[in-house]
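Structures incoming, each one as structure tokens.
Two complexes follow with subunit A in common, the first pairing it with subunit B and the second with subunit C.
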Partner chain A sequence: MDMEVSRSWRDPELWVKALPSVVLQTTCFLAPLVMTFILTFQKTQNFQLNWTWSLATWTDVFTKPHYWTILGHTLFMAVACVVVCIIIAFPIAYGLATRFKRLDNEIKVLITFAFITDATLKTFGWVLFLDKKGAANYLLAHLGFPAETVAFLFTDWATLLGMVYNLLPFAIFTIYLSIDNIDRSLILAAYDAGASKFRAFWEVTLPLSRPGIWAGSVLIFLLGVGVFLEPKVLGGGKSPMSAELIRQTFETRVNWPLGAALTLVLMVVAIFVVLLFSRVAGMRRAGA
Partner chain B sequence: MNHRFESALANVILYGSMVAVLVFFYVPIFTLIAFSFQEGRFLTLPFDGVSLKWYGALFQSGAALTALWNSTLIAVFATVFATAIGTMAAIVAVRYRFKGKRAFQGLAGAPLAFPQLLLGIVLLLWFSVLGRWFGFNTGIVTAIIGHIVYIAPFAMVIVAVQVYNFDPVLEDAARDCGASSWDVYRHVTIPLLWPGIFSAAIFAFLLSWGNFYITYSLAGSTRTIPTFIFSGIAVGSSPLYPAIATVVFIPGILLVILANRFRLRAARAG
Partner chain C sequence: MTAAPILSITDVHKSYGTYPALKGVSLDVRQGEFIALVGPSGCGKTTLLKQVAGFEDTTSGTIRIEGEDMAGVPAALRPTSMVFQKLALFPHMTVAQNIGFPLKLRKVAPNVIATRVDDMIRLMELKPEYLKRYPKALSGGEQQRVALARSMISSPKLLLLDEPLSALDVKLKKVLQAELKRLHRSVGVTFVHVTHDLEEAMMLADRICVMRAGKILQLGEPADIYYRPADPFVAGFIGETNLMPITVTACSGAQVSYGSDEIVDAQGSLPASLVAGDVGQGPALMNVRPELIRRCDKDADVDCKLPATVTEVFTKGGTVQYRARSTQGLELAIEIQGTSHLPMQLGEDVWLGWAKKDIWVLKPGEA
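Take a look at the complex of A and B:
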């Protein structure tokens, strides 16, 4: 069944429906991005934007190693978050697609609710749980553990925990969709050919779920480089990540050109990392 | 390894990890619910006593109620616009073939993979510059626009799934019977897409209601529930904040269950 109908842009059926999205994303997404780029070539004076062309901001960005250390830390945290999320999400997505048929819906509702609940609330909940006098230590003390066993709140580990917590559902959803789309007969064919369950999984299911793993990784990485809540609330703001630096540049230092430049650097580097990885992954597949 | 042993091992791993992840997901949620019943002023264990007094305080706190009202107002407007725009984009993106289709899909979906804080900041710059030229400040309206930019792509993806399962022959049949384009929409297309549109609307509402990053950048001095809570964590909290959280959870879980009902009905119809 061919679903697609050819339409020309003069046809109102097409442009009336396409126009709202085009106008919205052009005026409130593309145009602001272009303006952000232009802003980086302007100057500030006495905390006021001054529309004069200058390269001062970019010289600043490329000569202060401080910005790049923070960027490196951000990329490292985002990659760590991707790895942990994929490892945890895979068995969950696989189980959801192949087992739990009876509880399938209830589990999906529980995951969706946890995903869609306000991240501020959940992150705050983790603080209450992990705090020195929080729920985790209270429960552990009752089980006979020494006082303050759980003591990693306000470290990078707590930041990572919060990032994994908030971004894990993206990996579960994308991997689930790709496993759910696998044609069962391919797996049955592998069994017929004498493959063990494990072998069939390794040689059929895993390779075919690669698009979902890839989509989940890209999404989590791009969202992960932009986190602000987790390092601030769970990490205690001790080792800031790029988003926090950008926020401070705007709020405390009121330096718009610099903030804009740091925003663009973060985005460009993040996209570059994604392209690099897809290149490497593509070459490996071609070589195999 | 024999088959029996392999399946047993797989089951242990799969069931075990599912239980572990569900516990992981609900640890902070149940912690918040528990702390909302703390009688004393501080968010530490053991509790001074168990009481509902912070719920009482919540309903007398003007700031909290204003934040609740602002969240709802922003979410209602964002839901209506984002769902309408997303639904139209989904029909275009799935059903039509035209020049520049790829570019359209990319543009309409781009904010999905864009970190929210950065989207908020880029829009804040945009509205600040425009605001200086045209004389307006950021506030509830700019927050609503920011939410629509971020949520319309989500609505598009959710409705697109429904459009994909939709048989265009039904529309053709109506047209052959002499129905006008508008009649086809009103009596065939919209009713058939309704489950998808409705669950998109519920998601849009929840995404907007719980949104922190974009509101934080764009709402000016207007507080919503997430930004109100964030400021509360910063200045040293009381059990008032877990109480707000618990109150917010109830409509959330009900809406998710409702959306799931619609999804199931849609799957059966499709």
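Take a look at the complex of A and C:
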């Protein structure tokens, strides 16, 4: 550590070692970002990009409430998805890490499978299941429920269901890892100090799994802000979210400057929300 | 025994699946005693401690603390406190919160907790400014003191120490060993200390309990265990020793006659007080500690002696250790007070002798 700190920026060795990373970051991340930024100050005419400087796009963005409504809806859905995912994932991860310790490897393989299964496939699967004439209603009708009991396909609820379903493994995995990392003797020490099972959980396990909850929340929030499959397939495209709006702006309306501007707005707002929350979480830890 | 034991373990068995970790252990610990459980890894010493702490259920047998049967009593409700091998300080709590945690769980008022925490850090000689720090910011020795303070704050009847010093470097270990001894004397709590460090056990404990393969081999005061081990395993486990084969030719009530081809002037007899109880006629082992063997002249007036050649010299600072091989191939270890010049040279032919009173005769067995 000390050696790292004492290293100077003027050290030529540092530059040589950092070069591959610097080149990669610049060409694949920084350059596209700068291009996107420049793009927002250009004009379009007859669906053609016109390389003349203009503030028209930004004026448009800041004057039309429609964009902001969609952004607000997107943030709301993402936060709702985070909350639901954490509530569902925590007990699952806790159970996996404590009760099913013997199946540790199998569980990790299964979670990995959940990651590599295609989300599109799973999302369309839900459509078949939730459809008016789908599997769910068919089963429920046979159990004596009225026809079409499940009738929330093509609503925000279906979108949320799809998002939670597709993003849940991230929360399970991060929380599982953080609970798994807790030294068993810490729990024993809590019992030894006189804690009940619940108290040991509340005072030791829960606070120590906070990094996992936090990491899972950030991941799911950022991925949730960017979903377009679920609102389109399960939400029926009736209340689009930001990613879908951006796609339409680029592809259907062929307004690249506007698409670029909306992209930047989404990015900035998402980063701002994460920073805000990490500030709050950081303050709570410092104050605890 | 006059007073009732504070901890009474009776015929405790513990199996993990089909593996028997404890095979019938019985042990009484007296109030205020410092007892050390020693043995090689896997001997069941930590398992025994866990049974006493209440982290695991015993398979059979009873554990009583102050006469009360602990069966079914969870760890949280036992009057015991454990100091863990890895200390198990809560990383998300400050030092003050760690130490005060047991009292917080007992719903003690915050200002009372603060006073008690202050008492504890004074007792453990920790600096008051550490209270606001997190355990990670403390050195290994300081963390050790915090762990001890946390264990002591709830005034347990029994302090259980699960090799808490094993991860420390030698110098720090010495300091904390002295600290433990001081703490034990000043608070009068009964200590049960698990360790694989024999020197540590000898230094600290009032009584040592040597375990092997789930059983207690010997329980006794350090000098007892050291000079009068119950069997060759204990003899070899508790420090270095010399076990020389002899033959017991006759046992009468007060005397044991023995012989050895090796040892000159060995056709003697020993009082029964120098012989382990179960030795009968036939092959036996003569146990003599390395520091009790001295170099002597060929015709010196010592009880036992044999000729040997020095094969190895280890200078240990305060003492010098030698290895020597007798004419008939017996390997001997000798430890002599260090001086500026070596009393024996490598390859030198010497006579080694010892007094009869320093002999302890054992039945041969698994070493």
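The rule is short, and it goes like this: the second predicted complex is superposed on the first by the 253 of 288 C-alpha atoms of A that agree within 3 Å, B and C clash if a C-alpha of one lies under 4 Å from a C-alpha of the other, contacts with A are read in each partner's own complex, and residues count from 1 in each chain.
Throughout what follows, a contact is a pair of C-beta atoms (placed from the backbone, for glycine too) under 8 Å apart; a residue touches a chain by one contact, two chains touch by 3 or more.
Quantities reported herein were computed from a predicted structural model and do not represent experimental measurements.
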First (subunit B), second (subunit C), both or neither touched by A:T263: first
Touched partner set for A:V83, first subunit B, second subunit C, both or neither: neither
Touched partner set for A:L128, first subunit B, second subunit C, both or neither: first
Subunit B versus subunit C, judged by how many residues of subunit A each one touches: B
Which superposed partner A:L275 touches (first subunit B, second subunit C, both, neither): neither
Partner chain(s) touched by A:A195 [first = subunit B, second = subunit C, both, neither]: second
Which of subunit B and subunit C A:T112 touches, first, second, both or neither: first
Which superposed partner A:L229 touches (first subunit B, second subunit C, both, neither): first
Touching partner for A:A151 - first (subunit B), second (subunit C), both, neither: neither
Partner chain(s) touched by A:L208 [first = subunit B, second = subunit C, both, neither]: second
Residues of subunit A contacting subunit B in one complex and subunit C in the other: 196
Contacting residues of subunit C [partner subunit A, same complex]: 53-55, 74-77, 80-82, 84-86, 88, 90-92, 101-102, 105-106, 150, 154
Footprint of subunit C on subunit A - complex, ascending: 183, 185-186, 188-196, 199, 203-204, 207-208, 288
Subunit B-facing residues of subunit A, complex: 1, 3-9, 13-14, 16-18, 20-22, 24-26, 28-33, 35-36, 39, 49, 88, 91-92, 94-96, 99-100, 105, 107-114, 116-129, 131, 133-135, 137-138, 165, 168, 196-198, 218-219, 222-223, 225-229, 233, 243, 246-247, 250, 256, 259-260, 263, 266-267
Parts of subunit B lying in touch with subunit A, wherever the complex brings them together: 1, 3, 6-7, 10-11, 13-15, 17-18, 21-22, 24-29, 31-32, 34-35, 43-46, 84-86, 88-89, 91-92, 94-99, 104, 107-108, 110-119, 121-126, 129, 145-146, 148-149, 152, 156, 164, 167-168, 181, 203, 206-207, 209-213, 225-227, 229-230, 233, 237, 241-242, 245, 248-249, 252-253, 256-257, 259-260, 264
